[in-house]
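Below, chain A partners chain B and then partners chain C, in two separate complexes.
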Partner chain A sequence: MPSGTDSTTDLLVVRGLRTTLRTPRGPLAVVDGADLRVPRRTTVGVVGESGSGKTMFARSLMNLLPAGAEVTAEELTFDDRELDPRRPPHRHFWGTEISMVFQDPMTALNPVRTVGAQICDPLRVHQGMGRGVARRRAAELLGHVGIPAPWSRLDQYPHELSGGMRQRVMIAVAISCEPKLLVADEPTTGLDVTVQRQILALLRRLKDEHGMAMLLISHDIALLADEVDQVGVMYAGQVVEHTDVAQIRGKAVRHRYTRALLQAHPDVNAPARTRLESIPGGPPDLLAMPEGCRFAARCEHAREICRATAPQPTRDPRTGAAFTCHFPHEPAEELV
Partner chain B sequence: MNTTDTSTQDPLLRVEDLVVQYPTDAGTVHAVSGVTFDVHRGETLGIVGESGSGKSTLLRALLRLTPHTGGSVRYRDTVLTDLGEEPMRRLRPSLQMIMQDPIASLNPRRKVRDIVAEGLRIWPDRVTTSVEEQVAAGLDAVGMDIGIVGDRRPGSFSGGQCQRIAIARALALRPDVLFCDEPVSALDVSVQARVLNLVHDAKEALGLTVLFVSHDLGVVKSVSDRVMVMYLGRICEIAPVEEIYESPAHPYTNLLLSSAPGSHRPAPPDLTGETPSPLDPPSGCRFRTRCPLAQERCAAQAPPLRALPGGRGVACHFPLVTEDRDEAEAGATS
Partner chain C sequence: MTATEIRPAGKASLPAGRGRTRRGGMTRYVLARVARLLSIIAGVTFISFFLLKLTPGDPVATALGPEATPEQVERLRASLGLDRPAWEQYLDWLGGVLHGDFGTTLTQPSRPVGGELAARLPVTLQLIALTIVLSLAISIPLAVWSAHRAGRTFDRAVSSVLYGLVALPGFVAALLLVLVFVFHADAARTAGLAVAGAALAMTVVAALRSRRARSSPLPPLIGGGAVAAVGLAVYALLPDFPRQGFVPLGEGVGANLTSVALPVIALTFVDIAVFTRLLRGDMITELAKPHVLASRAKGMSTAHVLLRESLRPSMFSLITVVGLTIGQLIGGTIIVEHIFRLPGVGSLLVASVRNGDHPVVQAAIFVIATVYVTVNSLIDIAYAYLDPRVRQVNS
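Right after this comes the complex of A and B.
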């Protein structure tokens, strides 16, 4: 994607990812031809509204899909290794190469096991540590993620911790085996804004210290603008724009949906009582996907061709951003 | 006590020293601990705070949906906190509420036309033309056509559409005050904008007064005339929206603003601090356990909400904005 796209710099390359769930109404393509690259030591954000497929995209990478789900891809490369999405690699892959932080730590952690036991699991399974060594390492990890008095926390249960502390525990589990890629799916969504800031700062620090790459998934485009290097925008199962964060911050985006998303967002720096621009209608039914551009029905710039033909990926020659739009937004400075 | 210049105009709502406590097995929850503020006619007052701040409990207590433990609420000439059940009920059409979960707040078995008409059927004196016409007008105001949606049930609508139906239901009664409790926090951003615009348009068209509770600082800024910041059951600060966002006076407001995504404000050091339990709030100033400026006095004595120039009020012993009138005015003119 933007600047430097040769395979050696990309840790993860996803091309044409398609994830189909089995539902009573028939097969449902929740991710339908998504492309995304994550360069090494880089944070890529994925933004999308509910139903855009951002969580299913992450879960497809983690092999954490409901029974009966089917994943195919034109290309899926991790750390210069070709992966076959239908034949998952050895179980040591998840946890040591890629690991995940989930949205709700209360349901992701086991409520009847102590925090210490849950951090020790990956250390013992993947790294073959003995009980005592793993416990010492677990205490170190808890301290590392900013939990005060880590030794006394090891024997506590998740319900004894606050939401922010639980999320720190889950992060400790996720980084315990030093993964190369950390997938964080809405890691701060249930948390208060002051705690959210702490957790994001923690993730940033860990990413830098461990040289990890991170895939940060969020519905909040302002949060991603603060935290990430690149942003992938998902709509109806596809990545419709992938751009450097500078274009998001400068509102110099190309896809009409990205533009609409920015204008609907209540910006804390905008003048008070700024009227927001809503996006009419709702996302398309995944079982009755339109022929052409999937955003066309809600797009004020849509013309006949948008409804007839799906736009092909285009690259912005100036910024390197990739987008799929027949009539892209022209940022002000480019207007002739 | 005065937080704003209210001498010229009687406030529409006057809340004095309101206290809400709940007994639980674990002890007493101090949800709202003595809050005093006014709401002026025609304004939108944003109420912002994190979980446990008491903002939703406060809203519910104003409407007597939650029993209060002490203090008073006056609406126009009526003291709501002294009122019996029946006179309170008769005021309810004027005091309408929009809830957080749009789907749960609509009866799933009823048709949209009946949901919106329900209030009018209970309160015939609120019918100026006919129930049918007012229901159609209410739905039209939220961008829905009664011919298309009237016979459908809530299950066939999205969250944003359900919230618009809930707004139509509230507006059909021609209320005086609209109480909004996190009305957009369950909605996607593209839909949220539409609901916020509807609330604003209805306020302008009907001359409503709006109380708007939210945890989202961007949302509060986009709708409010004045903003009240709450922390652990107390008011930290109340001020016109521009002043709160440009020069917060309370250290907690400052922390909140610098934590907001996209704010680009330097963060004060609060590396692991979290809101303490409302079961056992700190003595004195409730924010002192996380406050970078806290001193001994903050633990000993709860700071009263005192007036600052420009119609502001702040409850802090060491506010970030000076209360010296001359100095403040000199600063404003320079």
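Right after this comes the complex of A and C.
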């Protein structure tokens, strides 16, 4: 774990989070013992392949899950208060303490209600604003997220806005009640690259201005490396490494999976015709989880112990990074 | 051509003043609809007029009876203008309709067709309106809550009852209702009291049990309370329903409503089942969409999520079917009209076809077509109201 880990500086502490969904094949542990800390005013990225449980991890924090899902945790503390992971928080918690920006701005706004009405909802419900006041505040918020001519946008419907605009509207909704933590789940999916950068820059600016912490979920480790302060790497429902972004940028990561992820990313500065590494195989079946390390089957450094015993969380004394790996990557190897 | 097609389409032409343009788009949409509606009605009258001409038998001879002399028949035929070419007769008829004149009945003594219809139409329209309103009033709440609790006790209970209702044709329901509420009204009252008592007892047991199980006692309390309330209402408030006949609204609202209550209830059974199943299904689909999740993440209440976010986009199939049902009921109330001896349009139409009374048939078809087309145009306009995206496609 990076420096400064005493509990009061952490806005969110998650330990041993476990989320099971009810499926026809039996209970499915989509998150299985995940640990993560989010310090105040910090952006923590969560990266992982599809199916690694990153979205379910984020939704479990708010207990915003499909019917029949069960969440347990050894510890779930938010803003120095214990939360009960098993049941949804009071609904005034949603939007005011933690709020969320969703993956697909095309579908996350209600198509038959005006943009203004959808921004006014939380203002009226959580802050008790009247119709007129909420509308004025909604226009302010739209201006704040960089939408030109905000007053005329209030009466428009989502289909009249571009994808980037819609995501800005989603962000305006999410920050409307000044949450302490903003969870952004792949906020740039389906947007073109220029707009992606604009949306990420907007999130960064809002985070600084409002003193929020942010949990940024993505499958793109290179994108996270530019945007966040710390990175949590998820694999098969667990956070296998949590490290400062400096280690990611310097490729000085410890877990073999993180290392493989970084190598699987094309490097513009690499010599021409460099072969792009890939990680062989696919993530394990969540219903038939291996005994030992969950990455062992795909890891070229795996030995007997990896397949037999699950590694315990370890802390790098030098960087404070936490990781679960029997034979961690030694960054020094690179330097030799 | 309508104004719609002359104006450039698409949002590129929309200036900054959003409110006005949106309403303008809506007006154009409605006008285009009305134009289409009028042409359809004209077409229906045209086709039905000439189809009637092709039917076998001489309506004039039928009207005058077997004793009439050929001279009398000729005289009546001439006075009705039936000796002129068919297209001239049609234009005559159409001209009359535009002035509100539907001609006179062939059946003697001859009366104005308009008056005949005007006497019958309110009965049918009241039946239809009450049937639709009552069906929707029952099925929308049932469907919304069933969708919210999909797969759980409430949903399953409602589904089983509805499958029973949908299998019960209107005329069987009508006869059963007459049997129970007209011929055994006292037994029905007693049964109401018994049901209320049993429901209250079961509610108390269920509430105590759920308290011991540390779950909320509210669901059994609400469910049992509702059943008990219905039972008590049947016991205390059940009026004496007339076996048959219709009391006009002018002779007292209470008497009017009791005279149409049983026919309306008989007609609602199938509609409630169909409407509820339809809306429940669409609503379940809607509730699974990301914007509903986003709304929950904003901290919106269940009521808000169900009613403000999900109900409106789920209503498309429902209102389509409501429109078709209304059209079907205009002629389809005939069996129920017959059982309860209600003087509606359906029975008039059947009698007139039998008597070969062409002016009445023609006028009735005109009225039915008008109602049908108007209702379905209103439904199309309702689409645009429900979904702003439809407005853009159509303008």
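The rule is simple: the second predicted complex is superposed on the first by the 326 of 336 C-alpha atoms of A that agree within 3 Å, B and C clash if a C-alpha of one lies under 4 Å from a C-alpha of the other, contacts with A are read in each partner's own complex, and residues count from 1 in each chain.
Here is the rule we go by: a residue touches a chain if its C-beta (ideal position, glycine included) is under 8 Å from a C-beta of that chain, and two chains touch if they have at least 3 such contacts.
Just so it is clear, the model here is predicted, and its values are computed rather than measured.
Judged by the touch definition given at the top, the superposed model places A:265 against chain B, while chain C stays out of reach. Once chain A of one complex is fitted onto chain A of the other, the partner contacts of A:94 are limited to chain C, with no touch recorded for chain B. In the superposition on chain A, no contact is made by A:79 with either chain B or chain C. By the touch criterion stated above, A:107 is placed in contact with chain C alone, chain B being left untouched. Once the two complexes are laid over each other on the shared chain, residue contacts for A:70 go to neither chain B nor chain C.
Looking at the complex, you find that chain A touches chain C at residues 62, 64, 91-96, 99-100, 102-104, 107-113, 121-122, 125-126, 149, 152, 155-157, 159-160, 170, 173. Those residues of chain B lying in contact with chain A across their complex are 50-51, 158, 160, 188-194, 196-197, 200, 215-219, 221-225, 241-242, 245, 255-264, 267, 270-275.
Taken together, the chain A residues at the contact with chain B in this complex read 49-50, 146-148, 162, 164-165, 192-198, 201, 219-223, 225-226, 260-261, 264-270, 272-279, 282. Residues 11, 16, 18-19, 22, 289-291, 293-301, 304, 308-309, 312-313, 386-389, 392 of chain C touch chain A in their complex.
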